[in-house]
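Both of the next two complexes hold chain A, though its partner changes from chain B to chain C.
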Partner chain A sequence: MSVIAEKLKTHAGIEESTSADYATQGYHYLHRAQAAQLPAIATLFSAADFHLEMLTCVDLRESEQTFRLVYQFNCYGTPERHLIHVAVQPEAKGASISAVFAGANWYEREVFDMHGVAFDGHPDMKRILMDDDYIGHPLRKDFVDQDPQREEMASAE
Partner chain B sequence: MSNNDELVQIQDAESNSDDALLRQVEPLIHLNSLENLLNHARARSLWPLTFGLACCAIEMMAVGAARFDLDRIGAGVFRPSARQADVMILAGTISRKMAEPIKTLWDQMPSPKWSIAMGGCTIDGGPFKYPGQYAIVEGADKIIPVDVYVPGCPPRPEALYAALLKLGEKIKAGDQFKGA
Partner chain C sequence: MQNSIEVVAEDRDTYYMNMGPQHPSTHGVLRLKLHLEGETILSAEPFIGYGHRAHEKMAENRDYLQFLPNTSRVDYLSGMIYNLAYCQAVEKMMAIEVPERAEYIRIIAAELNRISSHLLWMGTFLLDLGGITPFLYGFDDREKILDILDSITGSRLTYCYGRFGGVTMDVDEIFVAKTAEFCEYFRGRLDDFQRLVIGNVIFQERTKGVGVFDPELIQHYALSGPCLRAMGFARDVRKDEPYGIYERFDFEVQLGQRGDCFDRSTVRMGEMQQSLDIIEQALKELPDGPIMAAKVPKRIRPPEGDHHFAVESARGRFQHYIVSDGSDIPVRHKLSTPSFVNISTMPQVMPGTMLADAVAILGSIDIVVPEIDR
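Our next item is the complex of A and B:
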């Protein structure tokens, strides 16, 4: 087990930590973490020379009544992919890691735009792909386009 | 005299005065020949606006480059400013966020101006059109008037070439968008 994996296992913000078979799962470690602890965890990864590969969100409100933020960290050299799952209550916010990994800035805006999960501490929390005055979050499972411009922009169905 | 007759008389007087007014403002010399000459010039000196929206823009670049060479029909002068351009080639998918800047650019272009919708996306949304899609504008004509449509995904460079020639014919025939 690597140094960072040892550190994470005992980290206060990590609720559960398991290792996985990379060949079948595509990642080496899976951690479940609390949203508020993410900046501290990201700092650990940053110090160990890891980079943020991906940040996205899954709408699990039907099965688990939460959104799940998915963070993926990796490093060059010997690959070591860490997957971090964070459960966020429907009205709650995530914690921004854009101060640690600048690349997270747009990922977090994308999650906010598409799923409506906002991030505390983000310097510029606004939509990124849709118009600023767009209504709704398209990747939510219960999404119905209610944008007033929809009629103008789309052909009759 | 009944009220109806009176009304008819008033209407007649009005239409007569319209005719009189028309006669006053009608030009004594018709400038059609000059206009035709200008249109011939316009048809062979189209200045497109430099911008591409998606993959069709790659084909547009090919048309502009040496192998196909838009300069042969005078349309190779891609202008970096909307104020200097007179044809807008919409090359690629129009996302809903991009719709507003495109409309602004179109409004900034001085008349007379024309536009070409290049590729399936700008015709009706193309491969990205499905019930409930939230991301794109289903056809360029939802936001600006379009003169020539070029089908294809993407169209071959020859197709855009043909479109510019077609637009030239349209301009020579005196057909132009006279809006703001």
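Our next item is the complex of A and C:
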């Protein structure tokens, strides 16, 4: 087990830590963590020369009544990929790690835009792909397009 | 990290300017909000989403096979690489074995596509800088590649050539002969480009020392692709986490030193050479045999859980992140694209440069807007 995986096991906010099968799944470790601890965990990764490869969200409200944020860390050279699952209650917020990894800034905006999960401590929490005045969050499973422009366009035809 | 040069004395005149969304050098629809003092950029903020087509939403509303035609539309310049990447991702999840011949054909097709993508980059980059000739040269050669790929796929740009377990159509002797002929011809052309483009004094003046990426950005943004290699870091998914049969091929990762626009150009030039080497090696070793796996499950139902698969696209590291619940429709399919990462560094890279250099920087990172927006 790697140094950082060892450290993470006893880190505050880590609820569960398991090894994954890299050959079939493409990552080495899977952790479950509490949202509030993410900045501290990200700092730990940053100090160990890891980078944030991806950050995204999964809408699991149907099966688990929560959103799940997925953080993916890796290091250059020999790959050692860590996935971190963070359960976020609907209406609750994640904790921004954009101060630790500047690249997280846009990923967090994308999650906010697409899933409607906001991040505490983000410097500029606004939409990124959709218009600023867009209504709704497209990647939610119960999303219905309520864009008034769409109605206008439909009636114009 | 500091986002901009905000220390502006009150008595100095500054102004904001929109570059795009229809500016030709933004290669699609991208808007940059530039805060300028004279011609010096104080801060730059990219606005994206004009080309958002909801590929991820579509993936979550249909089964795995139905999403296949979408993949090459994510990045229409290296569609083959994206299309094959998706096939490989599904094959990995389902443990489908791909026949040898199909693996070799995939390598040839993907590397041809990489050259065509780099050629388009070269043409448009030089066009952005004011040189029209290389554009015409580059497009001429690119068209030759597109014809070759057209002959096996039936489409010019948005290929749907891969299938889970192999490829749709076999290559024939004409394809092999044409590809070999192109490789030989293109080596000579690369020498021409080396003299015409890289050796050109005006080009060097416009690109050397311009748009230097701070090494600090690497870890902050998880940079990849030619942008990272231009900074002297030998990172290439084809080497670090070989997929397909890339570990059988002998090639060296192309490197720059300073990470400026010039280095990013030389890295891509070197990569075209390198792709030719890979193609020639693959043509020589191309085995006979089937092009589709004998047994491919009719319904694709990957095991429950998270799946990750990454490839080296023409622009950097491209990954599929798929969450399956064991059914034939994915719960989540995230397309993590390199251009999204590259363009998000612009608030850090652009401040302090000149307005004309913004065009050079945008061109040198080789963005494809639909790939950013997905």
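FYI, the second predicted complex is superposed on the first by the 151 of 157 C-alpha atoms of A that agree within 3 Å, B and C clash if a C-alpha of one lies under 4 Å from a C-alpha of the other, contacts with A are read in each partner's own complex, and residues count from 1 in each chain.
The rule is simple: a residue touches a chain if its C-beta (ideal position, glycine included) is under 8 Å from a C-beta of that chain, and two chains touch if they have at least 3 such contacts.
Every value quoted in this text rests on a predicted model; they were computed, and no experiment measured them.
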Inset, instruction - Return the chain, chain B or chain C, that is in touch with more residues of chain A. - result: C
Inset, instruction - For A:138, decide between first (touching chain B), second (touching chain C), both and neither. - result: both
Inset, instruction - Quick one: classify A:56 as touching chain B (first), chain C (second), both or neither. - result: second
Inset, instruction - Go through the superposed model and pick first if A:91 touches only chain B, second if only chain C, both, or neither. - result: neither
Legend entry - Partner chain in contact with A:130 - chain B first, chain C second, else both or neither: both
Inset, instruction - Scan A:155 for contacts with chain B and chain C and give back first, second, both or neither. - result: first
Legend entry - chain A positions touched by chain B in one structure and by chain C in the second: 129-131, 138, 143
Legend entry - Complex interface listing, chain C residues touching chain A: 1, 48-49, 52, 54, 56-57, 60, 92-93, 95, 217-222, 233, 235, 240-241, 305-310, 317, 319, 321, 323, 325, 331-332, 334, 336, 340-341, 344-345, 348, 373
Legend entry - chain A-facing residues of chain B, complex: 95-97, 99-100, 124-125, 129, 131-139, 142
Inset, instruction - Show which residues of chain A lie in contact with chain B when the two form their complex. - result: 129-131, 134, 136, 138, 143-145, 147, 149-150, 152-155, 157
Legend entry - Residue ranges of chain A touching chain C (in the complex, touch as defined): 24-27, 30, 46, 49-54, 56, 58-60, 63, 70, 72, 74, 76-79, 81, 83, 101-103, 105-106, 114, 127-131, 138-139, 141, 143
